[in-house]
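What follows is subunit A paired twice: with subunit B in the first complex and subunit C in the second.
Right after this comes the complex of A and B.
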């Protein structure tokens, strides 16, 4: 049975004209299986994300207090939002936190990956250990680091015990440095993943490149920096997206580590929203802030679609 | 990939790797050690390295706040949401991997992009739905929400695994007259077991660690460990040993699961980027 049926089945996808994808996979515009398989998922995703987001956006134009209502007040929630210092500080904080943790995380992740690339023994073991912090919840991460940074218990007191009595390292107690303490905790949590992705990227680079660089007498560090790094765009993009989503959603670690303080020095947009929809009983204001948080993500997603669409149109023309 | 590295350099780098690994692991290790100290030892200066191995903290955490219930909540929520997510995700990933349409990639990217949305954007509508349906502060409600949140990741992971299964085998089964559900149950699932297992593992870890929804949608009855621990977040130096005991119990399952399945953990945590 199988032998007879095979050739006819195989010929079909080739004529369908879509070149992409691996050879034997059938590509049809509609088929009952794919519709059946993806419907539950698409239905839940639309139900939850799209509808809920639409409601959030609608409520941001209302004067909702403790409970949402539909008493529309135009843009006044947004006007108030951008006049509120607390919100502006939140935006600045998340910006500083994001830029710092992403740049430092990528640099350290790459350095660690290069380091792991030196044919260390028990590489798998080390890779797992480096990844462990990421498997910890951010709540535990925040707690542990809150403690490491405690002036009387943590790193500061340990170093002072060793004899360096003027040593100061307790970033969370001061307004000016609390944010950097948060960045350090976040880095500890995330650097292992960046490393693992970068390492996979390094391993994906053709060995011939290394041979050629060696023949040309290019020093190893230059090869890593100027030749190999630009070749692993995929790994860099993956690591970038992963850390960027972490930044957009930063919440748990702040709650566990500083709760936005001291003062408003580690206030974050997500916490601003939560405070307004709970303690401050001002859902309209909270939703305006939440909508502002959605804006950058939506811009990025629509830009991506634009690029895709553009590429498709170009491909269709040629 | 045959780059020669001299033996001396290799030893040097291995030693360095141990130091870096120790530094990275130190906070976790210290938490575990502290959980076995008395409260006086925990805040002693100079810090005591070797604890007196008391188990009092564990008993006290249990006695004071019914720790075990929160632990069970965590188990129930993470395992339950993972199983339900798999139930939804296996057909979806199967359809996308084996019968792709021109729109498959778009659907997949769109699914993943929901993961990038800040969760506060949907919190209020969700909260109201939960309140009106009586799901607030229930294990069932949390199980449902975590299923929804992690569904894109589960589908993505399964998709990357399913794509590695040669399609010929499924076609052969179909030629032999296997009907749809038989093809799924007898052919696909057995071959995909390793992939499904690592997806399961990753999702349990993600659900176990989820804090945003568990903090905001529970009060005390259904609070899992993350919410329970975050309620302690200003310990004022007095309860460090107890807090460490609670944290240790919260991370212990992850440490054990992670150790038993290092390879899958790496692939899972990097979302399929590392094989």
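Right after this comes the complex of A and C.
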């Protein structure tokens, strides 16, 4: 898994690079200590990530079972992959889950941050409360939400016991709604971090801006939406990248909440990969799926480089 | 300086000396975590520790798939456990081929395993090319249904006499506020019940032709009806079934909230733990009802190769303990499974197990477990397909059967 999630994580310094890239460059000599100091990290990055990714791709073209081998079978692992309903459903799910949880997460995170920004009393306490879910393992989060959504134990039965006997709220038991139940559980876990990043972004905005907006008579909500928000690009990008990497490798919360069910309706690509390289003893198939997971990440990274290169070219022209 | 050297020498001598007589810890990975299973595995642990010296170190991992994954990863990673549970069949064929398992042949020949382990299809799971690579510890049959007698009484209907008979009575059960068909939403549970219904509809011969010989024409002709029948069962399950453990599902039958569950005989242990009595509180129906069979599932233990001679000696001791007739009796009585040998004292056995032991005497009643013929990869694909069909009402039986044939065609 690490090798799959890694390129996404590596994209983060790239985003920071857009800001750094505009500064005038000054060449300076590398000192020997810094080279020595970073060597282990460079070796790890190349050894663990780059080489592992290369092997993953190579093995995806082989008939590797439990033990990886080099018996090449062309594209047949990919043919099987895209013939498998479960994989196609997984890919659709990760898109729906990703778009929903990122959009809702960002909106809610920003709203919470704005709320915290009102100089409320006990801000520290509230911040801890909102951040607390993130400190919990997704497995614990998932189990708690699974119980709450369980028709016989959770919210549904509690409300029914109060007297509303036709009340229905058990998203995980129906395949049409199970995915949204997952989104809810994931949001509860992750929205606090988005809030913290957004809040840091809000606090980073110069107080003078606020004064100027007040003088101009702009309502507070407009200031938040049209003036402050566009000034927080860095915070937004960071929050976006963090939640995006979380989406690509979404695994544990699904295992804890639905195990991919009902049926295969909440399967995710990462579960497919893990299951095939472990219990199902089909490393070739698992690696083909892993390679497919790498593709969108690669596309995002190359798009980002394209933008950066474009921006640089424009900057050079002016 | 001199004293340092002598200390080092002393420590080294102590370490070296101790290897010869040192007792070893043997870590055992298994997935026996329910109440009945816990009672069974503690028989093994207790008996092994009682042999003196060596210690059973218990690593229970919930869920067979998770436990097997952990074992495989640890073997591949060079940190193998001392012993690990698998299901008999093809799950560990590559470990054998890769030379990663301790060869138990000498021990087996000395104790004459081949003479007392029956039926032959059980020993075949471990005896590959004349070498013993694992120890079968029990025989579990999937082909059982567990019925709550009070639930049927409450609805005013008799116990079912066939699948169709059950489907006819199910609406009455539902009216009485009982879940007619209890099932847990995990894919292996769904596919397990599917396999039993498949055996019931097709009979052993056709089943073997499809699963073992991969007769695609026969599968095309017969499977749509099987899927169709399976869907009829679905409408009598409850909405809480998604993601429910098998033992929580069995508990619905134990507490008379549900009428019937198709589940292997490991469910019997749950009734035992709850103090239920066969024939009075619950009934075990050997399936198919008109011609009962026993499938040869179960559990085996394999012993990954170790670098430490003391651990290896302890592994052999453990293997020998597991087939011991007395241990077999204690273990299988607690587990609800059948012993792998005939000469054990099963006087403690309840009616259900006695019935199973009766059926297994005739080789014609034995349904070889599908895992012997299918790799875990293929089984996994079948699990996915059947679970998808179960959950997705828009998938037609014909479409499901078509995918079934495709999986069969590409099976390795």
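In the analysis below, the second predicted complex is superposed on the first by the 272 of 318 C-alpha atoms of A that agree within 3 Å, B and C clash if a C-alpha of one lies under 4 Å from a C-alpha of the other, contacts with A are read in each partner's own complex, and residues count from 1 in each chain.
Here is the rule we use: contacts are C-beta pairs under 8 Å (C-beta built on N, C-alpha and C of every residue); 3 or more make two chains touch, one makes a residue touch a chain.
None of the values given here were measured: they were computed from a predicted structure.
Undergrad: Between subunit B and subunit C, which one contacts more residues of subunit A in the superposed model?
TA: Looking at subunit B versus subunit C, the one contacting more residues of subunit A is B.
Undergrad: Name the contact category of A:302: first (subunit B only), second (subunit C only), both, or neither.
TA: In the superposition, A:302 contacts neither subunit B nor subunit C.
Undergrad: I'd like to know which partner A:143 touches here: subunit B for first, subunit C for second, both or neither.
TA: Touch partner of A:143: subunit B, not subunit C.
Undergrad: Quick check for you: in the superposed arrangement, does A:280 touch first (subunit B), second (subunit C), both or neither?
TA: second
Undergrad: Check the residue A:262 against both partner chains and state whether it touches subunit B (first), subunit C (second), both, or neither.
TA: So A:262 only meets subunit C here.
Undergrad: Please work out whether A:92 is in contact with subunit B alone, subunit C alone, both, or neither, and reply first, second, both or neither.
TA: neither
Undergrad: Under the stated touch criterion, which partner chain does A:69 make contact with: subunit B (first), subunit C (second), both, or neither?
TA: In the superposition, A:69 touches no partner, neither subunit B nor subunit C.
Undergrad: What is the contact status of A:310 with respect to subunit B (first) and subunit C (second): first, second, both, or neither?
TA: neither
Undergrad: Applying the document's definition of touch, where does A:173 land relative to subunit B and subunit C: first, second, both, or neither?
TA: The answer is second: A:173 touches subunit C but not subunit B.
Undergrad: Following superposition on chain A, which residues of subunit A contact subunit B and also contact subunit C?
TA: Residues 146, 150, 152, 257, 259, which sit in both footprints.
Undergrad: Can you name the residues of subunit A that touch subunit B in the complex?
TA: Checking each residue of subunit A against subunit B gives 1-2, 5-6, 9, 18, 21-22, 24-31, 33-38, 40-42, 44-45, 48-49, 51-53, 55-56, 59, 68, 112, 115-116, 118-122, 124-140, 142-148, 150, 152-153, 157-158, 161, 188, 191-193, 196-197, 199-200, 203, 207, 210, 235, 238, 241-242, 244-245, 248-249, 251-252, 255-257, 259, 269-270, 273-274, 277, 283, 286-287, 289-291, 293-294, 297, 300-301, 304.
Undergrad: Any idea which subunit B residues touch subunit A in the complex?
TA: 1-3, 5, 9-10, 13-14, 16-17, 20-21, 24-25, 27-28, 30-31, 42-43, 45-47, 88-89, 91-96, 98-102, 104, 107, 109-111, 113-128, 148, 151-152, 155, 167-168, 171-172, 175-177, 180, 205, 208-212, 215-216, 226, 229-230, 232-234, 237, 240, 243, 247, 250-251, 254-255, 258-259, 262-263, 265-266, 269-271, 273-275
Undergrad: Could you pull out which subunit A residues touch subunit C in their complex?
TA: The contact residues of subunit A facing subunit C are 65-67, 80, 83-86, 146, 150-152, 170, 172-175, 178, 257-265, 275-276, 278-282, 285.
Undergrad: Within their complex, state which residues of subunit C touch subunit A.
TA: Checking each residue of subunit C against subunit A gives 65-66, 68-69, 72-73, 76, 91, 94-95, 98, 185-187, 239-243, 375-377, 380-381, 384-385, 387-392, 403, 406, 410.
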